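Since the structure comes first, as structure tokens, the remarks are kept for the end.
Which chain is which? They are A, B and C, in the order written, and residues in each are numbered from 1.
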Amino acid sequence: MAGRSAFALALAAFLLAAGASSARADEPRQGGTLNYVAPYGSSFSSLDIHASAQIQDAIWSKAIHKPLYDWDADANQPVLALATDVAASDDGLVYTYKLRQDVYFHNGKQMTADDIIWTYTRIMDPQKAYPSARFIRYIKGAAEYSEGKAEAISGLKKIDDFTLEITFTDPMDPAYLLMRNVTSIYPKDEGNSEEFLKHPIGVGPYKFAEYVPGSRLTVERWEKYFDSGKPYLDKVNIMIMGDASARDVAFRNKEIDVSVLGPAQYVAYKADPEMSKYILEVPEVFTRFVGFNLDYEPFKDKRVRQAINYAIDSDLIIKRLAKDKAYRATSWLPISSPAYDKDAKPYPYDPEKAKELLKEAGYAEGFEFELTATQNESWGLTIVEAIIPMLAKVGITVKAKPVESSVLSEVVPAGDFQAFMWSYTSGPDPLTALLNFHSETPQSSGNYEKFNNPDYDKLIDAAKQARNEDEKNELLRQANNLLQEEAPMWFFNYNKAVIAYQPWLHGAQPNSMEIALQSYEKIWFDESAPSR
Amino acid sequence: MLRFILRRLLQMVPTVIAVSLLIFIIFSVVPGSIASSMIADGRGANDPELIERLNREFGLDRPVHVRFGDYIWNLAQFDLGTSFRTRQPVTELIGERIWPTLKLAIAAMCVAIAIGLPLGFFAAMRPGSLLDSITMVGAVSGLSVPQFWLGLLAMYLFALTLGWLPSFGYGEGGLRNLVLPALTLGVGPMALLARTTRAAVLEVMSTDFIRTARSKGMSSFRLVKWHVTRNALVLIITTLGLQFGSMMGQAVVVEKLFSWPGLGSLLIDSVGLRDIPVVQGSILVLVLCFLVINTVVDVLYAVIDPRISHG
Amino acid sequence: MGLRLNLVLGGTLCLIVIVAAVLAPWLTPLSPVMDADLMNAELPPSAEFWFGTDAQGRDVFTRILYGARVSLTVGIGSQLINTTIGLILGISAGYFGGWWDDLVNGLTNLMLSVPSLIFALAIMAVLGPGLSSLLIALGLTNWSWTCRIARSSTLSLKSQSYVQAAKTLGYSDFRIMLTQILPNIVGPVLVIATLGMGDAILAEAALSFLGLGIQPPQPSWGNMLTDARELIAIAPWVAIFPGLAIFMTVLGLNLFGDGLRDWLDPHMRTRPV
């Protein structure tokens, strides 16, 4: 029986290959089971995506849920997802959405404006502290509601079942806020039930099937998904695999179709003539850096900060420790940013120049500083260990101060450091990213270095007022270059995120926001996929 | 007997309260918070307002003694609180993880008993023999080796090089995934059991009673089978019971190494994320496991050796 | 195994570690932190680098020599704290009895009911990673056996005639405890401390592996193993040698402790857990 069906399959495959060889390579095919990985840790934290700020949870959310906007990874920009059309008022405060009328929750109920209003209201629940609130807070009246001063969010207005009007507090592009997975739309009322937390329901391409805590979450194709024809795959198993070497073994055994690579695997896969064909790499919007506390005496002098940038052989560290799985940083904005200056050159490795600058600044004998860092291998003690001897060569003594990551993110916003190492999001919106270094941004809200430069402020303020994207990006480009010159930090690298996929998999997207987040509905298998 | 068991169970109550107090105090002064851990991977933006809201939602803005009162009050109703991270009841989260940990611990104990017991037994049968020397060297080595290092080497050999076994994870809960972690965790108890068994059997063998029986011509193997077993069992059970506590500690490391989704990894992850109710709950449950096992050991002890008074 | 053999073998292993720790700067010309050359990273063992190099291009042999200092400090330091606490609590509880004895007993039972590694982990989370935190964490969590032995020995010694005699002579309680009781329990306590040193070194490795031990750049055998998991497939020597160092040291301490115990009291066979 098994033999016969295998033969039949082989025959069918042969006939298909012969008959449709021209269409085969780029024509999406239905069917198949995708084994995907959730690589960040050993568990999911919650089946309530509003309550989780973890990327790990966004990985299952991408299958089950959809927010109002979607991040189009191929185009590198946000697009409307649950609406067909949007119109903004002249003052840029009121947005009117024409909702899609073919969106259905996994329980069969049609999605209307009520569900969206209910969802955003739930996120601002005065009794709860959902991390997703920071994106909804820009809707007018949301803050008042969450403080208990209002019965409802005044900026959310239902015109009819499929027309929604949202008023914002500032003129801004709401796409960057409402595309976040943590703002995904829940079915009204049901979203608060006990049952929902065990059995989430969304409008996404796949419906929840099974969750084995600590092991995997399985979803199945949602037949009434609004984007007709999609999704292609019947089923997706999202396996929790926090360990890079374990993913390596599973991927080589073809047990998983996609693997997120660590540095060691990246080197090995790149060297393999077959595997290297199926690698997708992308500069993610995360910048790794050592921030200097500008209140600390030696760091007050720009030349000292520049000297550190000259004294560290960043390229060597990237090559040897990061195994080339990173892009050298020039300044703050990452390569994928629309305001990234393609002509900018990073600080070269020049210890002599560094010594000279230190001498000019009055630190010919060197000085000492404490560097607070976690034990992260890409932006923590592993890197600190490498820069200690490099800086020692120009006379600077670095004392590593190891902390746990939850402590790092407490001491840094409080300014309780001389220098710290971190990886911080620097996109996709360049204005938001550069706003961190505006002198009016409090230290606790992102200006950790306490950077204060009037010229820089002027450029940012002008960019806010810019009439079009080109003008805005040009101003931000200048600001970004000024930041490099002023060097309030050691610019280390931008993360190079890499996934490897099996040859039969098509449609993987180079997501610069986070490569582990794939829109599963775009993925399909060709005939060479194993049957599972 | 029932009264004896009841009394032992009642004796656990003050210990449990004291342990909760201790854990509560330790984790009320720990630096870092659930709010700071949410941005700890550098992938979210810091949000001072969120921190304030979280503190309000979880009642962290109240004074410590009020929180402790609440905690104990809930504990008395077998309520371990709500996880900061998932907002699920802690009991539910622990319920998901307790079985993998018990499975691992039981498997490790089985490994220890299956290998350690016969080795110690046969070593004692022929004191000074090659088998005896090898067993004793092996036992002291087993107590001296860092378990997770041994696990790492086993992972390298059996999973990465030979490809016989999965290198990590729970899989679908099958036996294949259990082998390496259980062997790793079993090494310590195995070594200890071999030593204890050998010592216990030697001790019993040297008593007058056995010597007399032997002089009457009973074969030593039969002797041991009938007379030694019961006496040695007492010592062995005690060893296993006591060993259980340190095994619970070691399980944390082994679970982390093999990404085993048990109570130990839950504890470590929760400490890192500062999900304090889960940390308190997991430690408490681990301690409870240990106390219950010890009670069971005491009861067994009394059953096997009726000379122990029940009063 | 012969009694002598235990002592000799164990003592030799311990001696090697002590020599390595004390003479580290003379045994290797390299620095464990500063002599990093990324161009020489992950080299296998060779004539130049006996134990190979790690991911930072540092000599693993050098780091193991310096790591011995940390391990010994952890072992000796934590046992000094443990033994002191255990002795003070145990002797005083046995000597005075009453409510104080009950309290100490309760405390001992409490310590025994929490797995010490988990207890140490909690303390490390509060104090943050580092050597001094580690000494405190391991020093505060493993005194119960010393305390128990000290207490029971004191109880039996208290009724001995020479202690009673000292009492009638009007010696102060403190003096009796120090001069009449303490010297009689040094033996078993020393055995426990020796075995405890091994356990502390193992605990350091475990805590470092969990990210709560001694942190780089300072080399410790435990933190040298932390990166080893990622590197095991491409540079197994980075994992093998520090693990071997821990193993040999703890083995030495355990053998020495066993030998010491057999020498002091041939009847006391089982080891406290």
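Observations
Just so we're on the same page, a contact is a pair of C-beta atoms (placed from the backbone, for glycine too) under 8 Å apart; a residue touches a chain by one contact, two chains touch by 3 or more.
Everything numeric here is computed off the predicted structure, so don't read it as measured data.
In terms of the distance between Cα centroids, subunit C is separated most widely from A. Set side by side, the interfaces B-C and A-C show unequal numbers of C-beta pairs in contact, with more at B-C.
Between the Cα centres of subunit A and subunit B there is a gap of 39 Å.
Here the CA centre of subunit B is 21 Å from the CA centre of subunit C.
Distance between subunit A and subunit C, defined via averaged C-alpha coordinates, is recorded as 45 Å. Multi-chain contact residues of subunit B (touching two or more other chains) are listed as 31, 160, 272. Touching of two or more other chains is recorded for residues 245, 404, 407 of subunit A. Under the contact definition stated at the top, the residues of subunit C that touch 2 or more other chains are 125, 128, 211, 229, 232-233. Here subunit C touches subunit A in the complex through residues 33-36, 38-39, 41, 55-57, 125, 128-130, 211-212, 215-217, 226-227, 229-234, going by the rule given at the top.
Those residues of subunit A whose C-beta lies close enough to touch subunit C in the complex are 244-245, 248, 262, 264, 313, 316-317, 319-321, 375, 377, 381-382, 384-386, 388-389, 392, 400, 402-404, 407.
Those residues of subunit C that touch subunit B in the complex are listed here as 1, 106, 109-110, 112-118, 121-123, 125-126, 128, 198, 202, 205-206, 209-211, 225, 228-229, 232-233, 236, 239-240, 243, 246-247, 250-251, 253-255, 258, 269-271, 273. Remark: subunit B residues 31-33, 36-50, 53-58, 85-88, 96-97, 100, 159-160, 163, 166-173, 259, 261, 265-266, 269, 272-274 touch subunit A in the complex. Against subunit C, the residues of subunit B that register as touching in their complex are 14-15, 18-19, 22-23, 26-27, 29-31, 133, 136-137, 140-141, 143-150, 152-153, 155-156, 160, 192, 195-196, 199, 203, 235, 239, 242-243, 245-246, 248-250, 252-253, 256-257, 267-268, 271-272, 279, 283, 286-287, 290-291.
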